[in-house]
């Protein structure tokens, strides 16, 4: 059974460490008829923080989306838990923002079409029209929101669009625009970015040129949640590939494209399967 | 805190899957005053098998090596559990069998000397005397047990030696001899081998020559628990490295040595930290 | 400048080793006004074989496709050279055979559309119709050649099709049919296959199931030239990815798809850029 | 035959690109009876620079260390070449500077003892005495040169020591002191450093703590030639390893040690086998 099956519930918890929390969580699920399929707990002893993810079979379980908050709430309150629950038949609604480069978008569309990513893509948004045909061909709505010299206004239109399609996640698939803190606060849903370098090396613009100029022997890509500080949010996935003096900047870009789409899709998968918690600007990644 | 600290207990469980086991285990530890530091559960839904590892703080916990079997036994019996518990102050007693090649032995000795591997090495056994100086230099007893044309007799002497030093694990650090099923059954403690190929490719003798002749572009090393069938036991760790047509067999051997010692030491670490269960000729590796 | 630019010539040579060959080759190119951009020579001293690849700027060079054989022939004959020359404006004509799985085909089409692979794809051939829409959408001819119980006849039709489109290379992008020696001899052009395992491990059918059953910690993919012996031809590219006990066979297949398309596209790139020589069932890969 | 055999000569060349250089070089070697075993040429077309490395069999060759400069000099002058030649029986004299951490030193000693690195180690220098026993045990001279508050004076003593033992290379095997530009200019021989991060990420002090705080999913190590700008010299080798939220700073350090010694030893090997040229603060690495 996949860790993201329509017949399972998933509960993620972060709270101050205390004795007996695993027993309480596992006991609660068992009492309500849920069989645990995967459970993993991590305690950050340095900071006294407790993290847990459980996935349980919904067959024979009396917990569901409508009764969970009431049932679980008092327990969670006792331990000061931050938590979120996902139910198997819930599918994340992911809006994708793109610029002019197709590879990351195309890869996400492929995986979605192949059934590898169980998501809905209600909208693809771009400040260009370059990728509109790709969206149309896949049968996905495309919204052209040009900047036209007024970025705050454009960001407002993006926020409205996200709201209108009820998106719960945004993927920046090489969107190439810096989003304002105001925008981030206004939408208040997770945003996943792909940066084309091994962060924190080569943050900012044209990282392949930077990597070429520095003469590195390995290039990387980094997917992270977006925060106000550019390229500094919690890292979800990183991967690298060897390069040599024989590679031009164009070669690095070409090789990097493969990395970028691989890294972004892995990050999206982790997000979609509810395997990520963030704490202190880092991710806890459950396997 | 390291996952292998002297102040923690570790419990590993394998049993048929059933509802509520996690709650039972976590509840048991909590009732006895133990705080869970790490817990991970995996259910193999295909085979209906349940695997779990918990690590708990012994401070304030009334469980210990002498009372655990009696206290935990009835619970374990109810679920048909196979289990083993390790207590922080227990240190594995690891005998190392070697041939004439020093690199894997040397690496283990280094890590042991550096405090990276918290183990005792009561004896190094070899059918050659080549590595005796290395053992002596490290202050470790060395037992020369030549085969002298009578392998069963030599294996008997190995078994006696292992027993006399009270070893609980054997590492074959390039021992280069096939051990008989009779020997394996007689000692009945885990044996970890390093095979110098990416198993199941190139099982048997001279795998680097085989790899060279096949013209592979990647070579590997595999550490596994030893079973009666040669090179076919549960795999613990594998790793690989790129090679090219420029590499001679000698180059592959040289590059392979780095892989072998890395892979073997990772496997030993997993074993020493009680992160391994075996089932159906595979390992479950807890993180 | 890319190593595969339309303004360069490429000459590949294999012959018995002899003193002075590099000077002869480099001198010949220089005498004819060609400036060497890349040159690499490898001598297999074990077998006394000499391999060389040179790439030279055609600007100011009086060598070309029509005069080269006559000019170079006598030199090559003196050293018993096997050689082939490629001229910048020649584009390989690559026929792609597929089954029902789209990922490798899709990836090749995409790189071709993005300009990453400078090739012509005159035809996509399949024994199924599943991928016809994908071919059509990309504007590539699709030929459905079902087996219908008579494989020799179908192979004959494939051979005729390859001839009719003047293909110089065949890519088996998960074609999933074993080709007969008769067929291979009849077409006599290079065939590149992608095998979904780390060969020679798990040759034959359903390698992901085999890998799952063996409990390996790494899975791989291998691209190789096809020879009569199944899965035993010269290896061009291999790559691997980590897996764990948590991964089902379906997970291995999913993760493997990423490997397969990456490995196949790298192999095709090496072939297209004339960076491969084969000798003694191995490839010499020039960088 | 190894690319570093006592029976071969090696010539490295960097010069402005010009037509026919490969022919000139190869012709020169051939005229003097040398058979080329490996040759590789790279032209940086962006900067119009030509790089070449040839390795040739000395058997039957009338070139040698004493006549080469006179014979080759006029040819080299014609093309404005920078060049260096190494003769098979020349062995690099490598001084190693260390601090208190043994792993990199130990690894180098080991490879030297195993015959993997064909070098002389005339001296090990440290500002501490911690690693003196390690040096003594290996039979290598150890020079304790404490800083005692006067770094210029200490650097002067290092320079004198290097000169007295006729060192041609310095390895900083976790020396942990920044060397002054004055010192670097005074010794004027290559210095290889290992930095415990994936440069340019986490330059400067305590990179594992920096990596931990940033929450990266991969850590790296970088070996580079030392220049006046800290951690900014030409990169020779880089490698990385995956980490997760489960790893403490101590875990990163432990895992990093394996990377560091691997990366440093690969860099030293490239240097010792005369496979490195530097240009514009980058390395050209011949295979």
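The first chain written gets the first letter, and so on, giving A, B, C and D; residue counts start at 1 in each chain.
In this section, a residue touches a chain if its C-beta (ideal position, glycine included) is under 8 Å from a C-beta of that chain, and two chains touch if they have at least 3 such contacts.
From a predicted model like this one, the values you see are computed outputs, not experimental measurements.
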{"item": "Chain pair showing more contacts of the two, B-D and B-C", "value": "B-C"}
{"item": "Taking each chain's C-alpha mean as its centre, the one farthest from subunit A", "value": "D"}
{"item": "Centroid spacing, where centroids are CA-atom means, of subunit B and subunit C in whole angstrom", "value": "42"}
{"item": "Whole-Å separation of chain centres (CA-atom averages), subunit B against subunit D", "value": "37"}
{"item": "Where subunit B touches two or more other chains at once, by residue number", "value": "1, 42, 244, 246, 248, 287"}
{"item": "Subunit D residues within the subunit B interface of the complex", "value": "1-3, 102-103, 106, 110, 114, 116, 137, 244, 246, 248, 250-251, 254, 258, 262, 287"}
{"item": "Complex contacts: residues of subunit B adjacent to subunit A", "value": "1, 17, 19-23, 26-27, 29-30, 33, 35-43, 45, 54, 287"}
{"item": "Residues of subunit D defined as touching subunit A within the complex", "value": "42, 44, 46, 198-202, 214-218, 220, 234-240, 244-246, 248, 281-285"}
